[in-house]
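Beneath this line is the structure, given in C-alpha cells, with notes to follow.
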Amino acid sequence: MTALPQSVGAATTRSPRRRARRPAGLPWILPALVVSVGILYYCIGYTAYISTLDWDGASPLQEFVGGANYLKMVKDPIFWQSLQHTVIFFVVSFALRVVLGFVFASLLHSRLYLRTFYKVLIFIPVVLATATVAPVFRLIYAPTGTLNQLLEAVGLGSLTQLWLSNGAFALFAVITIQVWQSTGVSFVLYYAAMGQIEPDIVEAARLDGAGDFRVLRSIVWPGVRGTTIALAILTAIDSLKTFDVPFLVTSGGPSFATEFLGTQIYRVSIAYAQVGYGGSLSIVLLVLALAAAILINVTARRRERLDV
Amino acid sequence: MFETRRIRTRVGLQILLTVLVVPFVFPLVAMVQGSLAGAGWGNYATVLSLPLLPGFFLNSALVAAGVIVLVLVCTLMASFGFSKLHIPGKEVFFWLLLACLTMPGVVLLAPLFATVTQVGAYNTLWAVILPLAALQIPFTVLLTRNFVDGIPDQLIEAARVDGANMFQIFWSIMLPLMRPIIAAILVLVFINSWNEFLFPLLFLNTPEQQTITLVPQYFVGQYNNDQTKVLAAAVLTGLPVVIAYICLQRFFERGLAAGALK
Amino acid sequence: MRFSHLKRAAVAAVAGAVLVSLGLAGCSGGSTASAGSATKGTVNWWSWTPDNDLAGREIAEFNKQYPDIKVNYKKVPIDNYAALLRPALASNSGPDVFTVNASGSFSGQTFAAYAYDLTPDIKKLLGSDWKSKIAPTGVKAFTIKGRLVAAEWAKVGAGNMWINQELFTKYNVQVPKTYAEWKTACATFRANGLGCFAEGLSGTSGFIVDTMHSILDSVKPGLWSDLLAGKAKWTDPAVVQAYQLLANMQKDGILDEGGNGIMQYPDVNNSFLTGKVPMVQMGTWYQQYAATNSLEAAVKGAGVDPATTPKVTIIPIDFPDVAGKGNPPTLFTDPDAGQAVNAKSKNRAAAVTFALWLGNTKEGQQVVANNLDEFPTLNGVEVQFDKVTLVNPDAQSKPLAELTAKLKAATEVRSYGISAELSQALITAAQNVIGGKSASDQVAAIQTAATSGQ
C-alpha cells in the first residue's frame, strides 16, 4: 500500500458525502465539556458580572456601574502598554520556541550520541516551578550577576548592562526566561509530531538526492504544521495571560516596562482592591485570546486550502 | 532527521546540539550551586528532615494521579470526537472549551473558593484536583486533537467495514497509535499538577492535606528569605518529574502508523 | 437525535445558573455563629508574620495561660496574603483570627466588613481607659466607623538608616550628617571598590517610600502628614525638590546605580548582612540582626557560611540632612499588625481570647518584644535586652537603646493613609527619576493616584 502523498500530519479534507456517514461524536466530547465548562464557566460568568461593578471584593457594598470599567480601561495608558508588551512577547517567544523546538527535535531524531541526556537537559527547565527559578534569574541578570561576569570574562565588558534596571532590557530578560522555560514543551511536541512522519518519504527524498535542508523544509516542516499552529494558539494565550515571570522577576517594572495584562489584573484586583476593573480586564483578555486563537486557526486553514 | 552517515556531519551536528543546549543548562547549574551554598548538603538535610515531608509527597502524588486520570479520560475521548466524528457546531464547542484556558489564576480564586466551600470540598484534595483538571483539559485537547488529525481516516474506515463499533476502534486502534502524545500529555499534566502552588495554598488548610509545593514557604519568612533551602526544596520537588520523563522516553519514539498501514 | 445536543446544552445552562446563584448566595452576608467558649476550642490563625518558629514560641506562651485553646497557625506568604484572605473570609470556612495591616491591600479597613467588633472585649480586659494603655496610632488605624476591627500587637518605625560599623572603621569614614558629608563618605567607599547607599526599588514592597518620606521631612517637615491627610497636594514644589534630591543622590554617587532592577528583600538585605554594603535604609525591625542568632540565620539564608563570614556590626544612624535646611531627622511609626476576629467564626469567643492576648497582655507582648523584629504596643512592656546576645554589645547597646527611646517618642505617621495606588505612584515616580526622567513631570501622576485612591 502506498504511503499518503501530501496531507501527512495535516487535517484531511472531507467530502460532504463522507461527513454524513460519520458517527455521532457528541457523547465523546461531553466529559471534557462537563468538567471544564461546568467548573470554569461559573468563574467566567462571575467575572463578567463583577466587571460591571465598582466593588472592592470584600464589603457588602457593590455599586453597579455598567460599562464604566471598560471605558476606564480604554483610557488607561498602562493597559495599552501591557498590550504592546504582549505583542512583542508573542512574536519573539513564538519565533524562538518554534525555531529552537524544531531544531532540537530534528537533531534528536537523528543518530547522534547521548540523545537521552540532551532530551532531559532541554526538558528540565519545564519541570521547575517558576517561583523557584525566578530568583535564580534575578541573580543572573543582577548588576554584578553571572551574565555580566561572563561578558567581562570573554572580553565583551562593554556589553554589560543593568539588565533589570532598564526597561527594554528588562522585557528582553522576561522573554528569555519564558523561552528558557517553555522550549522543552515545544521540543516534546515537535518530537512526537515528527514521529508521525513516514520514514519512507524521507528515505525516498534522500534517494532522489535531497539534502538535509531540503528534507526539513519540504517534508518535515509541513509535516508538523498542526503542532506549529497549536503552539501559535498556545503562545498567544500564554502571552496574554503571562504573570509568573514578570511578577516574580521584575514586578511589572521598572516603570511598568514589563507590565502585562496578567500582572495588571493582579495589581488592580489584589493590591488596589478594584475587583470590578480587574474583572473587566479579565474579560477583555478572554475575548482577545479567543479572537487570536480563531484568527490563527482561520488563517491556517485558509493557507492549507491554498496549498492543496 | 539529519543525515548522519558522514563523520564530519555527525560531529558538526553534535557540536551544534551541545552549543544550543548550554544556555539551558547554565541556569540549572546556578540553581544547584545556590542550593548548596551556605550550609551545603545541610540544606538538603534540613528540607528532608521536615516532619511532614513524606505526607506532602504523598498528597502531591495523589493530586497528580487524580488530575492525570481525569484529564486523560476526558482528553482522549474528546480529541477522538473532535477529530474523527461528526458533531454539529463542533468548532463552537471547541472554542467554548478553549475559552477556559484564558482565565488567569488570580481571577479564579474568588469564584472557585465559593463553589468549593459550597460543595464541601474545602481542605480536601478534590478542591485542587477538579479545578486543575478543568484548566488542563482545553490545553491537552488542543494538542491531542491536532495529533489525532494526523492519524489517517482510512484506518477507521477499514475497521468499520470490518464491523467494529466506535468504542472498539477507539480502544484497539486509536489508543495504541496515540502513545507518543499520551506520553507527552502525561508528563505535561504531571508537571502542572505537581508544581501547582496557588490552589493548594488556598484550599488546603492543614499540613496533613498540603502538597509539596507549600514546603518553600516554611523557609520564606517576612524578613528572612532562605534562598538556599528554597532551592534545595525545588531540586527535590523536581526530581520525581524528571525521573518520570526519563522513564517515558521510549514512548516518545516514533509511532506505529507506518507499520499499521502496511 | 439531532436536537439532543440542544437539550444537553440547556441542562448545562440551568446547572450553571444554579451554581451561580449558590455561589453568590455563599458570597453574601454571613451566618451569626454562636460565640462558643472563651477558654476552650480550636482557633485557626492566618497571618504573614511572624515566622513559624516565632509563632510557635508565641503560641506556646499562650497555652501556658489557656491550655485548652488549640491554635493552628497558617503562615501565608505576604505576596499572596490579600489574594487568599479575601475568598476565605467571603466563605464560611475562613480563619478564626487573621492579622491585618494598618494600610495597604490587607489592612483593617479592607477587611473591616468581616471583622468582629472587639471594643466590649478589650474594655473587659484593660478597663474602660483601654485606649490610654496602648499605642494610639494603632487605635486610630484599627478603628473603622467606630468599631475596633483589630487589636494591635506590634509596631515598627522607619526613617533611620543602618551602617556597617566595620566598613566605616576600616576606611576611617565619619557618619554623615549632611549632604556634603554623605558625598565625601561615599566617595571614599567607591574609591575602595565598594558601593555606598544601596536601595532596591523593584518589587512592590515600597521601601523607597520611606526614603522619599525622609527626604521630604528634610525639605519641609510636616508636609508628609498634610499630604496623607489630603490637606496638601502632591504637586507641591517641595515634593518636586524631594524627587530631584533623589536623582541627585544617584548622580553624586551616594545612591548605588541599578536600584530599579534589584529588590530590597532579598537582594539588598542579603548584600548588607553579608558585609558587602556600607549603608542601607531599613527601619526598626532591622534591629533583630543585631542579635547573633538572627544574624547567623539570615547569613545562612543568604547562601553564605556563617562560620567563615565575619559578622557585621549594624548600628542605627539618623537620615542625613539632605536638603541642607537644618531640619531635624525624623522617625515615623505605624502599627505593623493587628489581630482581627472573623465575625463568622464558630469559635469566636476563643478567637477573641487569643486575638487580645497577643497585643494586650504583658505575657503576649513580652514574647513579641523579645523576638526583636517588632516593637510592643502595650505600655510598660520593654525589650529585655539582657536576654538577647548582641553581636557587638560594646558598640551596639547604646545606639539600640537610643533607637528604642526615639521610637517610643515618635508620633509622626509612617504610611497609614497611603492607598496601594498612591504607594505604586510614589514608587513609579522614584523609578522614573532614577531612570533619568525629570522630577517635575512625576508629581501630577502622584496627585491623580492620591485622589483616586480615596
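For the reader, a short list of remarks on this structure follows.
Going in written order, the chains are labelled A, B and C, and every chain counts its residues from 1.
Assume a residue touches a chain if its C-beta (ideal position, glycine included) is under 8 Å from a C-beta of that chain, and two chains touch if they have at least 3 such contacts.
Predicted model only: the values in this text are computed from it and were never measured.
Most remote from chain B, judged by the distance between CA-atom centroids, is C.
More C-beta pairs in contact connect the chains of A-B than those of the other pair, out of A-C and A-B.
Here the spacing of chain B and chain C, counted between their Cα centres, is 38 Å. The geometric centre of chain A is 37 Å away from that of chain C, both derived from CA atoms.
If you average the Cα atoms of chain A and of chain B, the two centres end up 16 Å apart. Multi-chain contact residues of chain C, defined as those touching 2 or more other chains: 5, 19, 23-24, 83, 86, 90, 266. Shared interface positions of chain B, defined as residues touching 2 or more other chains, are 34, 87, 106, 110-112, 114-115, 227. Annotation for chain A: residues 24, 26, 33, 37-38, 41-42, 46, 57, 135, 266, 270 touch two or more other chains. Remark: chain B residues 34, 37-39, 87-89, 106, 109-115, 117-118, 122-123, 198, 201-202, 205-206, 217-229 touch chain C in the complex. Within the complex, the chain C residues that touch chain B are 2, 5, 19, 22-24, 26-27, 44, 48-52, 72, 74-78, 80, 83-84, 86-88, 90-93, 265-266, 269-270, 285, 288, 297-306, 373.
The part of chain C that touches chain A in the complex is made up of residues 1, 4-5, 8, 12, 15-16, 19-20, 23-24, 28-29, 82-83, 86, 89-90, 104-105, 110-114, 201-204, 257-263, 266-267, 419-421, 424, 428, 431-432, 434-435, 453. Residues of chain B that touch chain A in their complex: 1-4, 10, 13-14, 16-17, 20-21, 23-28, 30-31, 34, 70, 73-75, 77-78, 80-82, 84-87, 90, 93, 95-108, 110-112, 114-115, 130-131, 133-135, 137-139, 141-143, 146-147, 149-153, 166, 180-181, 183-184, 187-188, 191, 195, 197, 213, 216, 227, 230-231, 233-234, 237-238, 241-242, 245-246, 249, 252-255, 257-258, 261-262.
On chain A, the positions that touch chain C within their shared complex are 24, 26, 30, 33-34, 37-38, 41-42, 45-46, 56-60, 135, 138, 141-143, 162-167, 170, 250-251, 253-256, 266-267, 270-273.
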